[in-house]
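Pasting the structures here.
There are two complexes below, and they share subunit A, which is joined by subunit B in the first and by subunit C in the second.
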Partner chain A sequence: MTADEILAKLQASFPGLVKSEAPVKEYPTWTVPAESVRVVFERLRSKFSFDYLDVVTATDWSGPINPKGYPQSPAVAAGAAAAPSATAKDIFEVVYLVTALSTGMRLCLRCEIPRKEGASVPSLYGIFMAADWQEREVYDMFGIHFEGHPNLKRILTMETQQGYPLRKDYEHLPDKFD
Partner chain B sequence: MTKETPTAIKADQMFINFGPQHPSTHGVLRIALTVEGEVVIKGDPDVGFLHRGMEKLFEARTYSQGLILTDRLDYISATHNNLGYCLAVEKLAGIQAPLRAQYIRVLASELNRIASHLVFFGTFAVDMGAFTPFLYAFREREMIMDLFEMLCGGRLLHSYVRVGGVSADLPAGWTEKCREFLKFFKPMLKDYDTLLSGNPIFRSRTGGVGVISADRAVSWGLSGPVLRASGVNYDVRKADPYCVYAKMNFTVPLGKNGDCFDRYYCRMLEMGQSVEIAFQCLDALAGAELTPGEVMAKGVSKMLKAPAGQAYAHMEASRGDLGFFAVSDGGLNPYRMHVRGPSFINVAILQEILVGCKIADVVAILGSLDIVLGEVDR
Partner chain C sequence: MGIVLDNLSKIESLPGGGLALATSDSLINWARTSSVWPLTFGLACCAIEMMAAYASRFDFERMGVFPRPTPRQADVMFVAGTVSKKMADPIIRIYKQMPEPKFVIAMGGCANCGGPFYDSYAVVKGVDRIIPVDVYLPGCPPRPEALMYAVIKLQEKMRKMTVKGGLGATPLQAAGSRKLI
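After this line comes the complex of A and B, so read on.
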């Protein structure tokens, strides 16, 4: 079964699921609405044998990073503080990559959520255990909440960490280690 | 990194901080253990002590500057990280490395795989109380490091694989040295078996300990020898071939039980397969159809600008499926670079398999996962 056939079958139950306009290279890429993330993955796993969750990550699309506080080469620093790029949108994009080990088919699912405090998507904990730490990492770095995750707390940074480091507007505050 | 304190434990239980300054954690991993007598009731791995904010650092650097950061992810197998990063950037920018460079990449990454598995072999034996194998493993690893020093000047952190190819062609006399090493190394694997694999104490310390079933391994997203020891045949070199792996003739060793011994032995067998692949690469490189010196794609500028888009490339590193997710907005530096570190995902299963094992087995299980904290914490 090709990715398009699977998409057509799923679209019958989830009309919000559509093909992405700008796909990840060489991956069939779909955009899924936040409320049906968990059910779509449940269906993908049980009906279409997508049993291996490769990656959960996110992108903050609010523009180029705030270069303050980071060592940079002069060549980059010259252009980096420029106006926000044309692609800038006020959204977080949560990215899932999933594989069916038996057929070797790979999919990329994307979920766009408004970029605000307390932004959230349903957790995949329980369907894929691989989501456990990867979702915690995304929470730690972007502050995106995963509803239904039983242990959603910071994983890589310290518990005293202020703010979410991979957000584009994050500003590094000098501390005793600088 | 969160504080795990001994709050809710019963009177006959004890709370133990395993690490972060413990030699058998192979770095700075802390496991918060709750034990009852000798039996572990709860084990909570705690990571982040080596967090350097790599993914943020990538965003403030050009593509070629970002390459040297990847060396510091999994510092035991630097070439794999370089290669994974370059594959992602090349996919993003639409660059095709010359065929000769691709053979050299495969050759270098298989040599690095042997070096990395040798570190595992040595340190795992020390964890289990056998010191001698360590000396053998590091003697052989030293030879591989010498080979890398000839190739690129670096012994541990290579930065040999570059975006568009490799930094330089093989130096004069290198292929002979490499063949000499491979011929010396191949029979050594039998020595290792007599030294450690057949040792009854080692067998009873590792056999049947820390069993991971195939469906749990898949659900937890494990990869590399840890996944294959559970009998799941998934190797990126076969499932999604990159560079010239599709032309290589090799088998993927599989385990049956998914215990510590199978994880150990999968790696030992993998080293033998790496030798085979390395020989095939050397034969191909000696062939006339690959022009010497043609190891860099033409027109790759040092200030690379990738067109706006997203790409994901993954490869089989010595610890598993290493992936780089690269996003470009058309600028000089990556807009976003995510690293799927296999160690990070492999170590998460500890919270499940540590429950119910003995304290002494914690070291065996942790050692058999073969994690590198540079990659866990990034």
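After this line comes the complex of A and C, so read on.
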């Protein structure tokens, strides 16, 4: 069964699930609305044997982006007016990569959520064991809350860390080690 | 038993043999410099070079450097690698568990000053911000020979310690080891 056939079957239940315009690498890439993230992954796991969650990560799409596509801090181009980029959006994008180990097929699912304090998506905890630590890492770096995660606390940085380091507007506040 | 006394300065063999005289400083320092026992403790890629130094090609043990698995038995801590802020508290704790006199070798650019992570949000910019350091060893990572050279430098430092000076904790240690954050 190809990715497009799976997508067609899923779209019958979840009309919000669409194919992304820009695929991630060569993977079939879909955009999934936040409210149906959990049910889509449940269906993918139970009906289509996508049993391995490779990656949960996120992107902060805000801020000026230079023509090469690399984000650039406004502080770098001091004085120069930061040109608004067509790709800059005020969203967080949570990115999931799942694999069906039996067939080797790999899917990329993206979920766009408004960029704000306390932005949240449903947790995949309970569907994939791997979601536990990876969602904690995304929470640690981006401050995205995963609803339903039983132990959502910082995993890599220390407990006293202020702010979320991979956000574009992160500013480091000196702590006792600086 | 074939104990080599060449390095023991101020030794005096009495005629007839069977008895040797030496100052207590030189005896203690001879023992201390001949058994620099480090803690088995590595943080990042510098630890790979440290392991290579322990292994057969470089054979650190011929210098008396024999890794100990517990801080209670260790004399020196090689801080081999990047000190993340989350690791800072365990390092202080381990350092406090080591018996006096204790020494620290900061191995590699990261442990010296943060190295390539000098502006990171998560890295301590030099382990000397949290514990006193005796020998700074530059390199990224330093070769095993360089680590041996650092131990030789530390041995030079140990030879200057005296019983009179409170069994020597170096001035740095005497001041620093009780002023940890």
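Convention: the second predicted complex is superposed on the first by the 151 of 178 C-alpha atoms of A that agree within 3 Å, B and C clash if a C-alpha of one lies under 4 Å from a C-alpha of the other, contacts with A are read in each partner's own complex, and residues count from 1 in each chain.
Here is the rule we go by: a contact is a pair of C-beta atoms (placed from the backbone, for glycine too) under 8 Å apart; a residue touches a chain by one contact, two chains touch by 3 or more.
All of these numbers come straight from a predicted model, not from anything done at the bench.
Visitor: Name the contact category of A:26: first (subunit B only), second (subunit C only), both, or neither.
Guide: A:26: touches subunit B, not subunit C.
Visitor: Let me test your reading of the model: by the given contact rule, A:156 touches which partner, first (subunit B), second (subunit C), both or neither?
Guide: A:156 sits against subunit B and subunit C alike.
Visitor: Which holds for A:165: it touches subunit B only (first), subunit C only (second), both, or neither?
Guide: Once the two structures are laid over each other on A, A:165 reaches both partners.
Visitor: Between subunit B and subunit C, which makes contact with more of the residues in subunit A?
Guide: After superposition, B is the partner touching more of subunit A.
Visitor: Just to be sure I read the superposition right, which of the two partners does A:128 touch: subunit B = first, subunit C = second, or both, or neither?
Guide: After superposition on chain A, A:128 lies in contact with subunit B alone.
Visitor: Between subunit B and subunit C, which residues of subunit A are contacted by each of them?
Guide: 156-158, 165, 170
Visitor: Hey, which residues of subunit B end up touching subunit A in the complex?
Guide: 1-3, 47-48, 51, 53, 55-57, 59-62, 65, 91-92, 216, 218-221, 232, 234, 239-240, 303, 308-312, 314, 321, 323, 325, 327, 329-333, 335-336, 338, 340, 344-345, 348-349, 352, 377-378
Visitor: Considering only the defined contacts, which subunit A positions touch subunit C in the complex?
Guide: Touching subunit C: residues 156-158, 161, 165, 170, 172, 175-178 of subunit A.
Visitor: Along subunit A, where are the residues that touch subunit B in the complex?
Guide: Residues 22-27, 51-55, 57, 59-60, 64-65, 67, 70-73, 75-76, 79-80, 85-87, 95, 97, 101, 104, 106, 108, 128-130, 132-134, 137, 141, 153-159, 165-166, 170.
Visitor: Which residues of subunit C touch subunit A in their complex?
Guide: Residues 85-86, 88, 121-122, 124-125, 129-130, 181 of subunit C touch subunit A in their complex.
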